Amino acid sequence: MGHYQKSSTRSLNNGTAYLKMRKMSLVELVLFLFTLTSLVGLVLIFLFVIKESLPIFLKVGPLPFLFGSIWQPTAGKFGLLPLLLSSLILVAGSIILAGPLGVALAIFMVEYAPSYVRIGLKTLVELLAGIPSVVYGFFGIIVIIPLVRNVVGGSGFGLIPGILVLTVMIIPTVTAVAADAIRVVPKENRLIIFALGGTRWQSVYRGVLPAATRGIFTGIILAEGRAIGETMAVLMVLGNAPLLPRTLNQPASALPSQIALDMAYASGDHRTALFGIGLLLLIFSALFISLARRVARSAA
Amino acid sequence: MRRRVYDRIVQIILIAIASMMALFLIYLVGYIIGSGIRGFSFGFLTRAPSGITQTGGVWPMIASSMYLIGLTLLIAVPLGVGGGIYLAEYAGQGRIVETIRFAVDILSSVPSIVFGLFGLALFVQFFGLKYSMLSGALTLTLMVLPLLLKISEESFRAVPVTYREASLALGATKDQTIFRIILPTALPAVFTGVLLSAGRAFGETAAVLYTAGLSPTTPVFPLDGGRTLSTHLYLLATTGKIEESFKVAMVLLVVILVFNVLSNVVISRFRRRFIKEAR
Amino acid sequence: MKRESSKTLIVGLFVILSGVVAITAGCKSKTDSKQDTKSKLSGGVRVGGSTTVLPIAQAAAEQFQAKNPDVKVEVQGTGSSEGIKGVTEGTLDIGDSSRELKPEEKSLGLVDHAVAIDVIAFAVHPSNKVKNLTPDQIKGILTGKIGNWKEVGGLDEKIQVVGRDEASGTREYVQKEVIGKDAKFVQDALALPGTGQLKAAVAQTPFAFGYMSIGQVDSTVRALKVDNVAPTPKSVESKDYKYQRNLHMFTKGKAKGATKAFIDFVLSKEFQSGTLSKEFYPITK
């Protein structure tokens, strides 16, 4: 597939170059403008979010805003540290669970499962990815929170159900990207190990995984990007108390869910502070995707 | 010998993980549909919520969701498919195209709540479109655009180069080749992109909560507000109307299932057609 | 670059323009349908504002329209402030609010129609031994000065305060009338986005303490007495139970025509005791 694609684009590009020498046709111009909307949209998003959040950075100062330990917007205290730390714990916790599970699922799909099982699992992963986050949040409320309450006590709301819900939500991302990476590892990598008398697991562990490492990491980074921005499901199970996280069994509030919670009524500094959180999330996700691109590219 | 035992153990662990995931999904879907179907009647879909508890129907929410998806696709499909054609058929390797690709990647990673925040500030407040279908659709357009672009571009690239050569050899111009030959051929695959985008828009909450609004009314004009089905589930679940929540969650799940199955059927047909030539 | 972005702007404008065209077309058809038949009530009533009042307005609209088929009642729920703003600016005929007018809103010429009483109950898990609290104890618990049930006569267990998010009118009321404007809720209080979720959390957490509208209280939670007064219809009417507030519908100037008829219907005995009383306390005149 890849080989074919390259040759097709090359021959087409020659054609384009030929056309370009004359003039851009009207059709091409219009299509180009259509393509440009993504870029324009992204720039608009960045500009608008920066513009709306600027006052809070100027008023509170970037460092006290990011690392202040009290978030009480109605009392004029805008410290993001509790939200920031909670978000990081959620991302770390869910990736620790979803990483190994997702990669294991990918290995099983590609290397072990017979084809009908593989197709079944692939459908499963796609479905998990397609389920709306409010449905996960609802599931968290009716199943996971009572479970957590019974096992560890307390109100049940907090970081633990947050991590569990996020884990389920990001496994599909890890699995899908990791499975692609494992699939494209050349057959020879496996055959060599078998030829040397290795077992199947050795062929995977020695032959496949080293070649797929970068692809797997791409999947994990993309999943982290998804986890840090996830809003509704987290909002529904976290308890939304902006506490500095001390244990896992405590209510907390995360960056994106705080925006959703306050957006309806926030005004003045509070509003600009929410845009400040939005800017932070934008930067986080741009960093994650750039990192993922870089890792993926150096793999090729 | 020890290696064999080790190999076996790993295999068992992997099987356990895979079956655990499968069981979990079956449990989740089964639990929600099993609980939602109790007391479910078709009228639930066609009635408006009524009485002081405002329960018993979801018609305005279904209408809002469909309206919003329709309007979103109306704006996003020309942009996304047109952009996909450009990237696949015209774009070279220039710096502008690279920048656009990078922007598309970043746009695809922007958290939906940030889209919501942006939509609230720009469309709802700055342009004065209020909480409306139009505000929601413009916000969702930006959100689904990367997905549409990517899938359309891939679909066009999957059309065998022989098609182009044959068309050009017959004296067709490049534009004719693209719109008469390549677009119709790639259409089924493009359609899966549209389906996936519709599915994403359907399930989205954070981006529409404060752009399309919460009003439980049936929208008629693009500037009417409305409450989507997924927003409705959020409100029901947090206001503790659990029985009603199960029904709505079931409807959401079934629709997503249908979207998934449909797009899988379409794409596998498309693949089967080109699989030999493409490999 | 500049030329290209201006092109996209044009596309955007086109989209917006088509929206505007659709709207004006819509408005036209609306005025056409407004034929005045003098004997019967007709016209439109636009109601909007507080989401707390929303179910009342919607339930009333359903029944009212069934009786007066020529009147179209449009109901929106956006928030108390938007309701007050809307009725002031004339985009709404009735503005719903779960709060009183702010001082700066008093001069806008709005007429208040109290349509229901919302009673705030303080609730605990049914197994909790504590049955009665003083207002000071409640304030202490909500602000965190009292952190253990044994300080108020219960078991030696930590109190988990369960509250609403800041958009909630109930929370605003508790802030103002119970703990005082400048006091802060205890830091680890849950801030749940919906009142039903709050009730469920109290119902399932043995040492929780929460505040909620009386309409939410059922057998899964127990409402506390305050100064030995339980929230009952009687104590609410006599104002012995003091944590209550009115829910309002505001009109700009005196209500007229269909708008007046609608408000009269909301206040009618039929609606108040037949429908509204299932979730709220009827307004007593």
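In this document, chain identifiers A, B and C correspond to the written order of the chains, with residue numbering beginning at 1 in each.
Just so it is clear, contacts are C-beta pairs under 8 Å (C-beta built on N, C-alpha and C of every residue); 3 or more make two chains touch, one makes a residue touch a chain.
Keep in mind that what you see is a predicted model, and the values were worked out from it rather than measured.
Asks: Name the chain whose C-alpha centroid is most distant from the C-alpha centroid of chain B.
Replies: The most remote chain is C.
Asks: Counting C-beta pairs in contact, pick out the pair of chains that comes out on top.
Replies: So the pair of chains linked by the most contacts is A-B.
Asks: Can you give the whole-Å distance between the Cα centres of chain A and chain B?
Replies: 17
Asks: Using mean C-alpha positions as chain centres, tell me how far chain A is from chain C in Å, no decimals.
Replies: Each chain's C-alpha centroid was found; their separation is 37 Å.
Asks: Touching two or more other chains, which residues of chain A qualify?
Replies: 32, 36-37, 141, 236, 264
Asks: Name the residues of chain B that each touch 2 or more other chains.
Replies: Touching at least two other chains: 237-238, 242.
Asks: What are the residues of chain C that contact at least two other chains?
Replies: 192-193, 197, 200 - these are the residues of chain C that touch more than one other chain.
Asks: Please output the residues of chain B touching chain A within their complex, sorted ascending.
Replies: So the residues of chain B in touch with chain A come to 3-4, 6-7, 10-11, 13-15, 17-18, 21-22, 24-25, 28-29, 31-32, 78-80, 82-83, 85-93, 99-100, 102-118, 120-122, 142, 145-146, 149, 157, 160-161, 164, 168, 174-175, 178-179, 199, 202-206, 209-210, 230-231, 233-234, 237-238, 242, 245, 249, 252-253, 256-257, 259-260, 264, 277-279.
Asks: Would you mind writing out the residues of chain A in touch with chain C in their complex?
Replies: Result: residues 32-33, 36-37, 40, 72-75, 141, 146, 149, 154-157, 235-236, 239-243, 250-251, 253, 261-262, 264-265 of chain A touch chain C.
Asks: Quick one: in the complex, what on chain C touches chain A?
Replies: Contact set of chain C toward chain A: 4-5, 7-8, 11, 79, 81, 160, 162, 165-167, 184, 187-193, 197, 200-201, 204-205, 208.
Asks: Inside the complex, what are the residues of chain B that reach chain C?
Replies: Chain B residues touching chain C: 49-54, 75, 127, 129, 131, 134, 138, 213-217, 220-223, 225, 235, 237-242.
Asks: Would you tell me which residues of chain C are touching chain B in their complex?
Replies: Contact set of chain C toward chain B: 15-16, 18-19, 22-23, 26, 51, 54-56, 58-59, 62, 74-78, 192-200, 216, 275-276, 278-280.
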